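Input: structures, listed below.
You will see chain A twice below: alongside chain B first, and alongside chain C after that.
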Partner chain A sequence: MNNLCIRFRDAILPIAGIIAAWQLLAALRIVNPVLFPSPVQVFFAAGEMIRSGVLWTDALVSLRRAATGFFIGATLGVLTGLLTSRVRIFSIGLNPLFNLLRPIPAIALVPVAVVWFGIGEQSKYFVIAYSVFLAVWLSTHHGMEHVPDIYIRAARSLGASRGLEFFQVVIPASAPHIFAGLRFGAALSFLSLVAAELTGASAGIGYRLEEARQYILVDRMFVGLVELGVLGATLDSIFVWIGHRLVHWEQA
Partner chain B sequence: MKLSLSIGKTGNLSGAGFGQLFWRLFGRLNPYRRDNDSPRHHPGMSVEDKRSETTERTPLHGSPDERAARALAEPGGPLIECRALTHTYHTRLGTRITAIADVTLAIDAGEFVCLLGPSGCGKTTLLNMVAGFLAPTAGELRLDGKAIHGPDPDRGVVFQDYSLFPWLTVESNIAYGLLMAGMSAERRKAEVGALLDLVGLPHIGAQYPFELSGGMKQRVAIARALATHPAVLLMDEPFAALDAMTRESLQRQLLDIWTRTRKTILFVTHNISEAIFLSSRIVVLSSRPGRIVEDIRLPEDSRPRKRTSPEFNRLYERLAQAIGVEGSE
Partner chain C sequence: MSATLALNALKARTRALGKQILGQNFQLGALGLLAFVVLWESVSRSGWINPIMLPAPSVVARSAVDLIASGELIRHVLSSLWRAFLGFAIGSFLGLALGILMARLPGVHCLLNPLVQIFRAIPSLAFVPLAIFWFGIGEISKIVLIAFGVFFPVWVNTYLGTRDTNPLFSRAAASLGARGWRMLIFLILPAALPFIIAGVRIALGSALVLLVASELTGAQFGVGYLIQLSQQVFRVDHMFVGLITLGLLGFLFDYAFVCGLRKFLPWYGAENGQANGTR
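Right, the complex of A and B next:
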C-alpha cells in the first residue's frame, strides 16, 4: 500500500506540476493563445474530438498500423539477425547493405513507398516495418555475435552439439540484446508512424496533426501530441514489464 | 528488479514466473531429443565410467578404495599424455607468439596436478588444449590413449569466470550435461541432488546463479563439471576471483571432494600456496614460451598441509625461485 502511494506520487505529481506550470505560462498570455493553447483549451479540444469519435478511430487506426509494421519488421529483423550472425555468407552479403540503409530516415522513404504501394495501408506498413527491421536486425546481430565464449565452451564440454547449442545457449544468451532491440523498435514504429501518415492518409494521429495544421488549430495538434506521448509511453512500459520477466536474470 | 529477486528466493513463481516457464519450455526445444534411460556414451567417455558400467552408477563417485582397486586391476599408460606439445598463435598485429613450447607430461589417474606459473606463461593454453578448446600446433595429446579432438564430457571444465548459464536454475545448470547425454528426468534429479550434497549446497537447486555468491557459483560450477562423470576435471584458476577467506574454504572443500572421489584433477594457478595446499604434484612452467622447469611430487602423509609448517615454507621458497618471483601471493 505504502509502495503504491510512492509510485503514485512519483508518477502523477511531476505531470501535475508540469500541467500547472503550463497553465500558468498560458495564463500570463505572453504568447498568443491561438499559437500556444492552455491545458484547459487542449482538454476541451480533446473532449470535442472524443464526442465526434475521431480521437478513438485515429488511435485505433494508428495503433493498427504501428502494430502491423512492427510485427513485420521485428519478425524479419530477428530472422535476418539470426542468419547474418550465424551464416558467414549472409553477413558478408547483407551487412554492408544494412549499414548503408541505417542512416536513411524513415521519412525519406515515404515518397518511394507511396509510388511503390500507393496511398493505401501497405505504404505505411512498409515505412514502419523498414525502420523497425533495421533496429531489430542490428541488435539481434550484435547480441548473437557477442555471446560470451565461456558459455559456448561450457556447453560444448558438457556435450552440446552445435544445433543444440544454438537453441539452448546462443538464443537465451542474446535474448537481452534481442529484447532491447524489440523495445527500441517499438519506439521507432511510433516515430515512423507519424512520418508515414503525414502524406496520403485519411485517418490516424499523424493525419489529424496535418489536418489541424491546415486549419491552424493548435489545440487539436496538442491533443495529437499528447495522444502520441501517452500511447508511446504506455507501450514502452509494457515492453519493460515483459522484459523484466522474460530476461529476468538481467538485473540491470 | 527487487520483485524478481524476492520471488526467486522464495521459489514462488507467480510474478517472474512466465519468463522462467518460457525458458524452461524453450530449453525443451530439442530437435535431437533422446529421452531414454540409457545414457549416450561418447567415443572417449570417461574410463571410470566404462569401468563402473558393470557395477552401477548409483554410488555417485565410488569409494576411494574401490577406485584404487580398479586402478590396480587395470594396468595401462597414463591418463593424460602430452608429447612435445607446442602451441603458437598470431596476434592481431601479426606477431607470432609461442605460448607453449615442447611440453612433455604424463598424468596418471587419481593425481591432483597443479600447473603453476607466472601470468601469461601459457598454463591456461595447455589446459585449453587438454579441454579441446584449442588444437596443438605441434605434438601429441592423448586422453586414455586416444587423441583429443575438441571438447567432450569426458573432460569437465571449471572456468575462472563465472560460466553458469544465467537463464537456468542451479539444478538445470548441473543437469545440463546429463540432459545432453539423454538421461531421464528422474535420474537427473537424483544425480543433481547427490552433486549438490557433494559440494555442500543441498538447498539451492531452485535458485538462479545471480542469487548466489561468487564462492557458491564456483561450487555449483564444480558440481556441473562433475555431473557427466568426466575422467578428468580441468580447473582454470577457479578461485582467483574470490576473496581470500572464501578461497581457502573452497580449497579445503575441493581437497575433500578429491579425497572422496579420487577424480584426476588438472588445476591451473599462479598462487604458490594454493598449489602446495592442494596438489599431489606441482608442474612449474616458465614464462613465455611455457616450458616445464620443475615437476615435484608431494608426499601425501600430511593432509591437510599446514600453511605455517617449515616444509610448506621451504617448498614455497623453492617454487618462488623456480617461477622467478619473490612471494607471488
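Right, the complex of A and C next:
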C-alpha cells in the first residue's frame, strides 16, 4: 500500500501536473492551438479514433509488422550468431561483412527496400528484420565468444562431451547476453517500423502520423505519438519481465 | 628518425583497424570479404537477377567515381556533416546541461523528470512528421530532430553519472573546502566523465540515424537525400554509393571519437566504453 502511494506520488502526480500545465497554456491562448493542441483536444481525437476503430487496427497492423520482422530477424540473428561463434569458417567469412554493415543506419535501407520489394508488407519486414538481425547477431556472437574459459575448462576436466558442454555451459553462460540483444532488438524493431511506415503504407501508427501531418491534424499526431510511447514502454517491460524469469541466474 | 616512428605508429594503427573489422587473422578475413564481393559481382552479372535492381560492385564503384569526380558526393557529404554537427552540438550541450542540473538540483529533477521520461518512451523517428509540421522542411527541422535524438543518450548518461558520484569523493573534497562550481568542475564532472563519454558515443550513432531520417523526407543536399532521389530515378547503384558513404561516415565518427579519447583522455580506456548505439 505504501509502495503504491510512492508510485502514485512519483509517477502519476507529475504527469497530471504536466497535463494540467499544458491545458493551462492552451486555455490562456499562449500557444497556437493548431500547432500545439490542448490535452482535451488530443483526448477527444483519441476518443474519435477509438470509436472509428482506427486506433486498434493501426496498433494491430503495426504490432504484426514489428512482430513478424522481429521474429525473422531474431531467429536468423541467433542462428548466425551460433554459427559464427562456434564454427571458425563462418566467423572468418561473415564477421567482416557484418562489421562493415553495422555502421550503416538501417533507415537508409528503407528506399532500397522499396525498390526491391515494393511498398507492400515485404519491404517493411525486410527493414525491421535487417535491423533486428544485426543487433541480435552481435550480442549472440559476443555472448558465446566470451564465455569464461574457466567454465569450459572445468566442464571438460569433469569429462563433459562437446554436446553437454554446449547445452549445459555455453548456452546458460551466454543466455543473458543473447536476451539483452533480443530486448535491444525489440526496441529497434519499433524504430524501424516507424521509419518503414512513414515512407508509405495504408495502415499502421507511422502511416497515421504521416496522414495526420498531411491533413494538418496535430491532435491526431499527438495521439499517435502517445500510442507509440505506450506500446513501446509496455513491450519493453514485458521483455524485462520475461528476462527476469527466463535468465534469472544472471542479469546482464 | 621521427619519420620512421610516425610510420611505425601508422602501421600499428592500420593493423589494429584491420583487426577490428576483419577479426583476429585478417588475411583470412580479407579473403572472405573478397569472396563475398566476387559472389555479388557474379550474381549480378549472371542474368538471374535484373542488374538494375542489384548492380554489381564494379558498377557501384564506377558510379562512386563519377559522383566524386562531378563533386556531387562531396556536396552531399558536406551538407550532411554540417547538419549533423550543428544538431549534435546543440543536443549534447542541452543533454549535458540538463543532466547536471537534474542530478544536482532536486527541484529541477521533480519538474522535468516525468516530461523527459515520457518523451524517451517514444521512438525519436516518430517525431519526424511533427518536426516537419512545426519547423517546415528546411534546415531547422532537421537540426531540431538530430538535436532531439542526441539529447536523450547524453542526458541519461550525464544524469546517472553525476548522480552516482562516489560520496566518498565528494565528502573528501568538501572536507578540503570545495563547494559550488569548484566541486562541480574538479570533482563531479571528472567523476562522471566515463558515463558522459559513453553517452556521447551512443549519441553519435543516433545523430546519424536521425540525419538520414530527416533527409529522406526532403532536402536539397545530403547523403540521405541522395538515396531518396536515386530511388525516384531508379538508380540503385547511386543508392548503394549513398549507403556505403553513410557506413563510412558512421565508422569515421566512431573512429575519430575513440582516437580523440585515447589522445586527450587516455586514462579512461576507450575500449571499455563499447557503445551499442541505437540504429
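Operating definition for what follows: the second predicted complex is superposed on the first by the 228 of 252 C-alpha atoms of A that agree within 3 Å, B and C clash if a C-alpha of one lies under 4 Å from a C-alpha of the other, contacts with A are read in each partner's own complex, and residues count from 1 in each chain.
In the analysis below, a residue touches a chain if its C-beta (ideal position, glycine included) is under 8 Å from a C-beta of that chain, and two chains touch if they have at least 3 such contacts.
Treat the numbers as computed from the prediction; the structure is a model and nothing was measured.
When the shared chain is aligned, no partner comes close enough to touch A:53: not chain B, not chain C.
Applying the stated contact rule after C-alpha superposition, one finds that A:153 touches chain B and leaves chain C untouched. In the superposition on chain A, contact is made by A:161 with chain B only, not with chain C. In the overlay built on the shared chain, the residue A:246 is in contact with chain B alone; chain C does not reach it. Shared-chain residue A:233: touches chain C; no touch with chain B.
After superposition on the shared chain, chain A has more residues touched by C, the comparison being chain B against chain C.
Overlap of the chain B and chain C interfaces on chain A comprises no residues. Residue ranges on chain A touching chain C, taken from their complex, read 11, 14-15, 17-18, 35, 91-97, 99-112, 114-116, 131, 134-135, 138-139, 184, 187-188, 190-191, 194-195, 198-199, 205-206, 209-210, 212-213, 216, 218, 221, 224-226, 228-230, 232-233. Note for the complex: chain C touches chain A at residues 20-23, 25, 28-33, 35-36, 53, 110, 113-115, 118, 121-130, 132-134, 205, 208-209, 212-213, 216-217, 224, 227-228, 230-231, 234, 236, 239-240, 242-244, 246-251, 254, 276, 278-279. Looking at the complex, you find that chain A touches chain B at residues 150-151, 153-161, 163-164, 167-169, 171-173, 175, 244-252.
Those residues of chain B lying in contact with chain A across their complex are 1, 3-5, 15-20, 22-23, 26-27, 29-32, 42, 131-133, 150-153, 155-157, 159, 161, 163, 165-167, 176-177, 180-181, 208-210, 224-225, 227-228.
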